[in-house]
Amino acid sequence: MSGSSFGKIFQITTWGESHGPAIGVTIDGCPAGISLSEEDIQAFLDRRQPGQSKFTTQRKESDQVEILSGTFEGKTTGTPISLLVRNMDQRSRDYGNIAEVFRPGHADYTYTRKYGFRDYRGGGRSSGRETIGRVAAGAVASLILKRLDIRVMAFAKSIGPVTVDESDYHFDEISQNRLFMPNNALAQKAEEYLTQMMAEKDSSGGIIECIVSGMPVGIGEPVFDKLDAVLGQALFSVGAVKGVEFGNGMSAAASNGSTNNDSFYVENGQVQKMTNHAGGILGGMSDGSDIVLRAAFKPTPSIAQTQQTVNVHGENTELVIHGRHDPIIVPRAVVVVESMVAVTLVDMLFQNMSNRMDKICEFYKTK
Amino acid sequence: MSGSSFGKIFQITTWGESHGPAIGVTIDGCPAGISLSEEDIQAFLDRRQPGQSKFTTQRKESDQVEILSGTFEGKTTGTPISLLVRNMDQRSRDYGNIAEVFRPGHADYTYTRKYGFRDYRGGGRSSGRETIGRVAAGAVASLILKRLDIRVMAFAKSIGPVTVDESDYHFDEISQNRLFMPNNALAQKAEEYLTQMMAEKDSSGGIIECIVSGMPVGIGEPVFDKLDAVLGQALFSVGAVKGVEFGNGMSAAASNGSTNNDSFYVENGQVQKMTNHAGGILGGMSDGSDIVLRAAFKPTPSIAQTQQTVNVHGENTELVIHGRHDPIIVPRAVVVVESMVAVTLVDMLFQNMSNRMDKICEFYKTK
Amino acid sequence: MSGSSFGKIFQITTWGESHGPAIGVTIDGCPAGISLSEEDIQAFLDRRQPGQSKFTTQRKESDQVEILSGTFEGKTTGTPISLLVRNMDQRSRDYGNIAEVFRPGHADYTYTRKYGFRDYRGGGRSSGRETIGRVAAGAVASLILKRLDIRVMAFAKSIGPVTVDESDYHFDEISQNRLFMPNNALAQKAEEYLTQMMAEKDSSGGIIECIVSGMPVGIGEPVFDKLDAVLGQALFSVGAVKGVEFGNGMSAAASNGSTNNDSFYVENGQVQKMTNHAGGILGGMSDGSDIVLRAAFKPTPSIAQTQQTVNVHGENTELVIHGRHDPIIVPRAVVVVESMVAVTLVDMLFQNMSNRMDKICEFYKTK
Amino acid sequence: MSGSSFGKIFQITTWGESHGPAIGVTIDGCPAGISLSEEDIQAFLDRRQPGQSKFTTQRKESDQVEILSGTFEGKTTGTPISLLVRNMDQRSRDYGNIAEVFRPGHADYTYTRKYGFRDYRGGGRSSGRETIGRVAAGAVASLILKRLDIRVMAFAKSIGPVTVDESDYHFDEISQNRLFMPNNALAQKAEEYLTQMMAEKDSSGGIIECIVSGMPVGIGEPVFDKLDAVLGQALFSVGAVKGVEFGNGMSAAASNGSTNNDSFYVENGQVQKMTNHAGGILGGMSDGSDIVLRAAFKPTPSIAQTQQTVNVHGENTELVIHGRHDPIIVPRAVVVVESMVAVTLVDMLFQNMSNRMDKICEFYKTK
């Protein structure tokens, strides 16, 4: 079965392995008439680039995107946009024990069992590099959201035990620290924690939060394609995500109706909510408040400690993973979360356009 | 846009409002040759039936299912199975303030804004009764899983502040208490808590856990249709779910690679994991361990306390919701979670069948 | 695999066998705010009803439709519309040789081989009664097209050797003869031909033409979802259709560019074509001219003559089909073709709505 | 809306314009374990290459394919296969009148109206070069069919008025003449006809027939995804196709049941048909006989004669198309038809795998 496509109207299809010739994405269903350049996409790709800090790998990955189709004279034409990034690190080298051993916490074992064998070079399709296509598509989706006055902002809420409470959010600081946390002081503490983890040959998990403002009311389709359901799929499709929540999330389970319900009120003719425990979604549709969601990332599974595991011959063995690996996935995944949210919102905004007969008549200029 | 269909090969389409003539589901892509009777489906529907305890509404809903198509001489034929449940409570009555007021925590406001107006009788399509179609489909999916030796078991892990720890699980007790908790003693405490909530005209949230055993390795499709991603959509599509997690879930964010990684080992020729922090899914595919997932449900939004809100004329107003409402959604949602998981697993098992050329040749008896 | 759903945004899912309890359709993605009553749908169903002439079966089929969901106070709500028609003729009777024998020209053999067995009562899912769901959905689609000033008109162009040439079209006569031909005199000749066929225990094929006027320009999506491609699927999905063509159709193969090209010209500011060999579609999109298409129907395979065939035990045998069967499929299929075209056009009109960024901004009232 | 993807399980997504940087296709859902090299694909692409005869353009298009993903050590891995062909002819040149004028018979007008503007260089996305992606995917599909002992063979049945009757088919001659006709003598006559057309600055249409042998019985899904319905969409999605038919096709409309029905008989334990008027499909499923289909192609719309048309400013004007254009589309489209049929068959074969519970249990080795 397929599985590499996402979206019904604004549909992205990603392809590529970490050590194959290239990685890319095709965006089908992008409207005509959007100004789009390689720089627009490159800006997004650069945010997931390594080498930004000592907590991201120093491997030189100059991910240069090329637009292969779908634009003419600097504008989208309505035809599919094909985006390509060549892999630099394709040279044949010794993958040694990795080729024959199932790394704990990785997809080596499941890929091998599903397909009969696997591309063992750097994780193949399950590599973090697979997200390049998602981020490139996210850049295009973001241009559409911008035209609709919708803003998507993701950041690192937690790094291991260091969490930024909502009362300590300083959104202007997100871009001022290398972990993309909305608080420079706590980012400093998180850096210290990560330094310690590296010294211990260990890694850390973390939480990314994403806030969407400016969404029109009523986006999301009832029942199976609820806005939170499709966002849920989008986020869980990112490798390493183990939990997703909206608004009060998991903690809503321990709350009461009297406190969890968000009262409505009218101000200046606008219906608003006094609180936003719902995270901006009611009955699977945007309610006009900010959409607030969080994704929990597990710690990087590649650690330098000796691990017990099994090889492809079905024998118990020990594994030491060489090379440098990020002690945390979160900083580089911030733009991935933002991209998946953007891609989802665009698709749901487009799906919403045929929901009312009066608006369809207006669109086609009949009565 | 649609949104009432779920699944690619084993595809269910639900329809119906709480106070319309009927509610139902069409299951397309169900294989031929499965013994199926109305009793099989009724058994599932009865599990979500009210009137089982004082914490579920006493309204008389005798949800009798009728099979309208897709079977012949007691067996599925491979053609779509249409299942129908007539609504008993359709009589026109006074919906009073409900018709004109947006209930906090409900979808009244978003439906009205999306569609221009809404069916205000009992929540319409956003009613809990919409899950009847899901549960009926879940009954059929469960018959398929049974043939494949796969077991799905859901239960109430938490009711408000009362949580059953893994060490206290007694699965045989799940069916022995009215809250479907795997611990009768804690169920007793939870009942006391709910009684108190009712006295306070309040409601409670809770957590449902679901454990799948017997899954073959390698089910789930890479990238966007990862097993956890599709399950995530399935669970978030259930009204009132605000958080979903797999294995260690949200808490993985605060853990380290050295403790979160599950080591592999071989025993009797079988690859196994020493722990199951991953919740049975690696790289988006089943890894042979139990699949463990949890969904957090918000408290019932319909409470008897006076609430601040807005009416359809855009005026601030107060609302008192009359009638009896469950103080908690969780007990009746246990079978809904089980059904959505079953439906998803069947679809992903079918999607997996064309993944290897050697197995396709075996299927079609060529070399 | 599924196969009982059609359409991406305006999506219909049909279900039901000829001799099961009922037959129906679920329409998902129908916009809110359309006035819809059971009478609207009944009017369409009555057009495919037998008993209208001696060339359609006299079996009493009073196909009464019931709306089970998706409307409130006479208007569509945007939620799925479930439509149900009970089968009257379900009594257990002796299907005799039919149960054990593969009827030539029918799907008995292929169903049996695909699914291992089959519902042998009256063709099961492959019965002409399957089209009831399509026609019910077509009635709803037609209401949408009416609001958009688009008209779909189908008629019998040929009955066996009797063909109405374009120069002899009198559209007002279509509803004046029992064969739905646009020429009463030729319909008379066709009736004589059919009477002869019946006397010879034989049957006849025919051609249905459909003309769509009022389509906006640019409907249809490039490449695989071209308007003619999706219409092609829609028409070939109707049992008994063996050929489909647009505009000059098959005869375009023998023509030349100089005569087959339609020249453009401007009149009153409107771009028009001097001829319409293309049948209203250029590059897979509507070009503003009438869409003209034809579907060729094979003769009714159930004939009263003795036929050579094979039984389920793999033995050669003879078959005589008893009971009364229409000597021609075409008259009852006219409304089926019209319905499938209407359903397809609505879906493609909705798909078209997100094709231009400027129009999307206009829809969402941003710049 | 999208429209650039085809197939549900074996899904292809094409992209690219004739004068953009490149053209390509992503194949998702291709099984693991198939030997695949660039040579396999190149062999197919070379069959649609110009420069093979005086009836195909002499422009130098060396379409070299590159495999960017989805293979490892010469075998498919089960992950998406991305195939890329660079366009050679991208240099900016003077498109002169073409840029401002709507060419009759082309998609210039409809693209412009749909999207607000168009890529006027060589037809953009509506160019014949768009089929490169289809053919590359067809090469992969053909490798799968080969493993299943299924053979797909397409050829030119008619060139203008020159038609090869079934009794004159010599399949070994197809590759011996430049028009891919199954009869060298008639191909010679057709060449003479085309030479005359070129002298008259005119073009010709033609018919491609495709025969599939070795199909298992029962492939195709009832109702909307009938084998002929999906093949119908596949063929009409090829630019210039105006008619499609199966078996006796359009002529079935003038025939009788007694002659059109194919009688079954048993020979050596195999159920067979005495005739094949149905073209190998009954009830939308393969019946074990050869699948026989035909597609009628209109004449090349680009002719050197002066044509009446309209420009983008809405003014009447005359157009003379310069440059060399094929006087007929058919020879280069033979491999396109073969490819679209192959891609469709693979998808339907995969869809069929979950149709029987006993076979599913066999696949997963349960009872």
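Remarks
A, B, C and D are the chain letters, set down in written order, and residue numbers restart from 1 in every chain.
Basically, a residue touches a chain if its C-beta (ideal position, glycine included) is under 8 Å from a C-beta of that chain, and two chains touch if they have at least 3 such contacts.
A quick note: this is a predicted structure, and the numbers were derived from the prediction, not measured.
Contacts with chain B and chain C are shared by A, D. Remark: among chain pairs C-D and A-C, C-D carries the greater number of C-beta contacts.
Centroid distances from chain C, each centroid being the mean of CA atoms, peak for A.
If you average the Cα atoms of chain C and of chain D, the two centres end up 26 Å apart. Separating the centre of chain A from that of chain C, both taken as means of CA atoms, is a distance of 44 Å.
For chain A, the set of residues that touch two or more other chains comprises 1-5, 8-9, 14, 29, 32-33, 78-79, 114-116, 125, 222, 351, 354-356, 358. Within the complex formed with chain D, the chain B residues making contact are 8-10, 29, 31-34, 76, 78-79, 144, 147-149, 216, 222, 349-351, 353-361, 363-364, 366-367. On the side of chain B, the complex with chain C involves touching residues 1-5, 8-9, 11, 13-17, 20-24, 26, 28-29, 32-33, 66-70, 72, 75, 77-82, 84, 114-119, 121, 124-125. Only residues 1-6, 8-9, 14, 102, 104-107, 109-111, 113-116, 125-126, 130, 158, 160-161, 197, 200-207, 217-226, 228-237, 239, 241-258, 260-266, 269, 271, 274, 277-279, 282-288, 296-303, 305, 307-310, 314-316, 351-352, 354-356, 358 of chain A touch chain B when the two sit together in their complex.
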